[in-house]
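Below, chain A partners chain B and then partners chain C, in two separate complexes.
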Partner chain A sequence: MTAPAASADAPSARSFSSAGLVSVAQLAIVAVLLAGALLWMGPQQFVNALTLGAIYALIAIGYTLVYGIIELINFAHGDVFMVGTFLSLIFLTTLGFNGAITEPGLLALVLAGDFIFTMIALGLIGVLIERVAYRPLRNAPRLAPLITAIGVSFILQNAVQGVPPYFGFGPFNANSPQVFPTDWFVTLGNASIPVLSLFIIVTAVVMMIALQLFIGRTRIGRAMRSTALDRDAAALMGVNINRTIAITFLLGSALAGAAGVTFGLQYGVTNSGLGFNAGLKAFTAAVLGGIGNTVGAALGGFIIGFIEVGAAVAGLNRWSAAIVFGVLVIVLVFRPSGILGQQTGERA
Partner chain B sequence: MKFARVGAAIAAAAIVVAACGGTANSGKTVKVGITLPLSGSSLASAGPARDGALLAIKEANAAGTVKGYTIEPVIKDHAVNGQYDAQQGAKDMTALVSDPAVVAVVGPFNSAVAKVQIPISNEAGLAQCSPANTNPDLTKGDAGKELRAKQPDKINYVRVATTDDIQGPAVAQYAFQDLGLKNVAIIDDLTVYGKGIADAFTAEFEKLGGKVVGREGADPKTTDFLPILTKFKDLNPDSVFYGGVTANGGGLVRKQMPQAGLGDLPYLGGDGIQDQNGGVQGSFINIAGPAAENSFSSVAAIHDIPDAAAFAEKYTAEYKADPGAYSASGYACMQIFIKALADAAAKGDITREAVRAGVTSGASFDTVLGPVTFDEVGDTSQKIISLYKTDMTAADGKGDWIFDKQIDYGAS
Partner chain C sequence: MSVIQDVKTSAPAPGIRDRVRGFAGRHRSTTIIVMMALIGIVLPILAAFPPFTLFQTQIGWIDGFTNAGVFVLLAIGLNIVVGVAGLLDLGYAAFFAIGSYTYAYVASPFGNSILGIDVAATFGDAVGVVFWPMLIVGAFVAAVFGILLGAPTLRLRGDYLAIVTLGFGEIVPIVFREASTVTNGINGIGGVYRPWLPGVGTFSGVDPMPYYVTTVALVAIVLVFAYRLVESRIGRAWEAIREDELAAAANGINTVSTKLLAFALGASTAGIAGVLNTAKLTVVSPDQFTFTISFTVLAMVVLGGMGNFWGVAIGAFVIYTINNVILHSLNEFFHGLGVPVLQDIDFIQLQFLLYGIALVGMMLVRPEGLFPNSRRKRELHQAIDEPGEDENTLSEVTEEGGR
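The block that comes next holds the complex of A and B.
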């Protein structure tokens, strides 16, 4: 009884579905909201919101991917992102890049190397975490992997603080090299838009589109979707479940790695406690957008970016966290499955 | 129960034997707690205060100042993940209070921690001396009374730093009169200290005729100050004041100001951003990097201490580093306790009450900061604010805070 019932309501909530978003009416609503935000906050704050939102969105997708496929709230994901900020820092400082690189060719090369290294390394760390901490508990009661996730979160924090020679940063704020010059601006009317912000937004959007295509168009993506839909049936159809879940963790963690690189470039600082706050906001983004839905997670990330920056614009920055979570509560009251999560009657 | 008593007797006997076997001057041991945030970003500012206090203990033990006793420090670190943590501070204070051998406590560093520690130490009648707390509400007025509600008549908390109702205005006067700033934008870190000093700064700055063009608060955990700074840019300030500490974003705000197009403006703060040089990980100058240029800060204590050279010499000999902003204050707190301990020992027995009464008797203490007397609520008679400016060529090019001047508000 339980298995068929689960698979009956599963497709809606956890099929990574993005179908239904691209209706003209919905696009129009988004366009109107964006135009309104742009007019109200001005181009510079608009770009600030998009930048912050892009970073949240990249992290949020990791939550949603993992939840979509094994229904686990991966509480360690915020700390995976934090490790990503440090991997990027280590990559850049080891190669001797401590300040801005103004030569475009070299900058492109260093950034490409940084993204590739951090994303692959962090992706593999994600796979390792899944193998060690979650796979053995896949059939255990749901609370068990939740607790191991919290454990992994602490292990990652302490590893960054105390494991030499690569880590061992202590609980300090560590300076992350801002190799992308922070004093490059595009002038737009009387607003000067940092080129770095535009770079971050474009990079994040490109990655999200690539992920969407990967899930929607490739064999592995199809395996992921079918595993999310019904793990047992997918296994019977010849899908390698373990490998598919590992790849999901790889993708989620790699995107967190990209978020880590962009975070370091944008804010120039990181510390081992970063994961908690970032993870909380990104998790909120995933829930807000409809957990299990990758487009929803991205949307949620941008919404939170806009709420936080909007709070500052309105002079309410003091209450920005309260406003973010207030919006979350209101949305969940009316749409318990999030903005893009499809409404289901019975959901545990 | 019986076994426990027998065990205790054996242990006591063992201690007596051990004591007799030891050197002659080390009779009994008396403990003094040190409760400070000593890891992560807080270490850069609070570490030197601890070292100052330990130096005083070392000297007193070597000289046998407290006759018949050896002073033993009990160090408690209430930084959690690199940031000071009030809850941990309360736990540490509870632990210190419940150890009967602890007769006095040096610390804490941050006003938010003091706010939760004072009620605990007050109930126990345990003397506490903060080298750095500056929030006025810890001692003054109804807020102060509320903190010592358990034993209102027994002042147990004193501090050698003066208060933000003097420090905030001092920075405001410095900004307005010395730096010629007229339109300031303010960020605070939502903490007891940060909001307090920002309020005090605002009041004085406006009284002088300056204008506060914007005021925002930012969560201590946030790393993104660009929205606030972008907003400030439209308000055309000629400077930015940060009410808060480095660990909560004092350095990050400065670092992000160039990104928001505000890099040319002077940056002001209180003692919360006044920590060690740019070579020390997590310090204001280290985090802000090159942007730290043209920043100004204060310390709610005397800079030109009466015998600065001698203190710096022995401090450097001990720690191979220059004294930090609150090294002398930590040393002074411990000097005051040592005097009280010595007096109590001379009269017979060292008890918590004897130490507390000695410290708050209104007597003048001769400290490294100069003579210090505590008033009826425990605040220091020494009302001096020192002002500093960053110099990025100092400390071998790593950047450091350079003393500019000190103002004595004691007369007024």
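The block that comes next holds the complex of A and C.
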């Protein structure tokens, strides 16, 4: 009755594909749901949900990329994101930007620098983690890399808490400079929408599209897809497997870095314990969308954003983690392949 | 009888070592009880002599050993799940919490008012007698939650189980914290009754000896159970599932119910540990059951040697002692030195960083743990020692690209 698919031998159909274009009917359902959400929570919260969703989506893509290519749940990914929030904080405070920058040219320059620095630094950290903790165990029993992943997660958390001189924030909240002015609004009808939210949503969507193009159109993207599909066959065709997997980690971690920058801009505060909850929610997003599927992960991220903000609107914000966890269990029980994932027993 | 004769004839001069080993092999349960009794007697005596007395008093040590015993119980339980059956449970503290709260509800004025019972009126001064049956009830309640969580998720692949248990471990304390009308929220439930035993009376809050003896006895009983289980048909089924689930299923093992049993038994051990811990602390609150507990116990299991119960028990004992005694002493020692750099290092804060490094290092260098189980060791090395590291992964292909 069950498919105990422990050792994945048959090539599963994971290829980061968008799994068929959405039909008109599906689009209509989404439109109705979005309209309902807009009416219920109002435009302000609607934008909040989109912003939070964009951040979760960026993190979820990292889970899904790594899972797609080496079938590992990278438990440390939530903490990689957390490190990203701190890298952005360190970048901004070291350069002396502690408050809002109202001059557009300078703001653009600082933000570009912040994104580039955080994404590259965090991407390299991701590659390092893969090299040290996962690559030697690629052929080991499944339990081994899961345990190192959880170990890496703790190393990152505690390194941020207590390793001088750059880190050492302790288990406390650290203020992240909100260089993007939070008092810029655009008025849409009778609602005023923060420009920052729009900036975050647009940035995230642009990055996701860029990733999609990268995977779909470039040589390296093709190598990633073929490695995900069948590692041995890809190796026979001359794909450098180790390098491809390293690039996957680089991309996933860099997107988590972008999420870290936007998180700092939006909330102005970060904490070394942040990665745990964010990781759990982003993972739920990845599973919800269909793990291994980047479009699904983005979609799942936005759905989780709506669920969390919806819970807050309904006055249940302290229960949001419990609600998201409930969603995860329900998805795993009834549709383990997620919304966009193919129905293969292998995946579950 | 024939077995003993066999030993005598086949080995003309069996040394004392061989004789002990032979006896231990044939009488596992007796050996465990004797060993635990010996350890139980020796530890308090050792604690009265120098290297130990440098750190704290004998009473302090016995108290510490008792707390360590709670973690030994947890590690033995998690070892059934992770070490023997190969299921990664990252929310083990949740079952510890469930066991703890179960006892607190039955054995405290607040809990009784919620449940609508009054054990104090029924038993009078001997109210702590409920501790003994509650050990079994706590185990049972935790096992029920283990089944509720495991039933939907154990059908899925191992990685999903890990993340679901991780989430569960996070959610259970949230529920205990937020459902404050029935759980008293963040303050938790206080005034839990201490155990009572005829002849001893109610256990004292000052003298840790009764708790110590109880803990040693519980560890011995749980160890006997664990060993007998693992060497039974069920235990072999667990190991078969761990090593190759597909092959196990093909050989007629119902993998779901067998995994569920391992999960439930692991949970019930945590339930017992929870009841014991709450009876000792006399208070239970949601912040005792954070993820760090699950992580610490996992580190104990991995470092001790997955699958080997003695190794895991020793691992748990040593890690607990290092954490709670030696790191504190190192802190005081270095702070007392007055050297600026050393003064800034907080060893207690670093402990989890060290665990993380130890966990990663252990999996890379010696995945079988410090005290390995021989079969587990072979299994872990067989995969890792194969050459899969080459730049050209062609070699991987020929050896059946097993991941």
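Everything below uses one rule, namely that the second predicted complex is superposed on the first by the 327 of 348 C-alpha atoms of A that agree within 3 Å, B and C clash if a C-alpha of one lies under 4 Å from a C-alpha of the other, contacts with A are read in each partner's own complex, and residues count from 1 in each chain.
Simple rule for what comes next: contacts are C-beta pairs under 8 Å (C-beta built on N, C-alpha and C of every residue); 3 or more make two chains touch, one makes a residue touch a chain.
Since the model is a prediction, treat every value here as computed from it, not as a measurement.
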Query = Sharing chain A, do chain B and chain C clash or fit in the superposition?
reply = clash
Task = Name the contact category of A:Q45: first (chain B only), second (chain C only), both, or neither.
result = first
Remark   = Counting residues of chain A touched by each of chain B and chain C, the higher count belongs to C
Task = Mind working out whether A:N277 is in touch with chain B, chain C, both or neither, as first, second, both or neither?
result = both
Inquiry  = Output check: A:R318 vs chain B and chain C. Expected answer is one of first, second, both, neither. What do you get?
reply    = both
Task = Please indicate which partner A:L143 is in contact with in the superposed arrangement: first for chain B, second for chain C, both, or neither.
result = second
Message = Touch test for A:T64: chain B only (first), chain C only (second), both, or neither?
response = neither
Query = So, A:I241: does it touch chain B (first), chain C (second), both, or neither?
reply = second
Request  = Applying the touch criterion given at the start, work out whether A:V269 contacts chain B, chain C, both or neither, answering first, second, both or neither.
outcome  = first
Request  = Tell me which partner A:F172 touches in the superposition: chain B (first), chain C (second), both or neither.
outcome  = first
Inquiry  = Contact-wise, after the overlay, does A:L328 reach chain B, chain C, both or neither (first, second, both, neither)?
reply    = second
From 27-35, 63-71 or 117-125, the chain B stretch with C-alpha clashes against chain C = 117-125
Ask   = What residues on chain A does chain C touch that chain B touches too?
value = 157, 170, 276-277, 318, 321
Note = chain A residues touching chain C in their complex are 2, 4-9, 70-73, 75, 132-133, 135-148, 150-155, 157-159, 161-164, 170, 231-232, 235-236, 240-242, 276-277, 280, 283-284, 287, 318-319, 321-322, 325, 328-329, 332-333, 336, 348
Note = In their shared complex, chain A is touched by residues of chain B numbered 39-41, 79, 81-83, 190, 216-219, 221-224, 226-228, 230-231, 233-234, 247, 251-252, 255-256, 258-259, 261, 263, 281-282, 286-287, 289
Key: chain B contact footprint on chain A (complex, rising order)   = 42, 44-45, 48-49, 51-52, 157, 170-175, 182-183, 185, 192, 194, 196, 263, 267-269, 271-274, 276-277, 308-309, 311-313, 315, 317-318, 320-321
Query = What residues on chain C touch chain A, complex-wise?
reply = 82, 86, 88, 90, 152-153, 155-160, 162-164, 166-168, 170-171, 174-175, 178, 244-246, 248-249, 255-256, 291, 295, 298, 302, 306, 344, 346, 349-350, 352-353, 355-360, 363-364, 367, 379-380, 383-384, 386, 388-389, 391-394, 396-397, 401-403
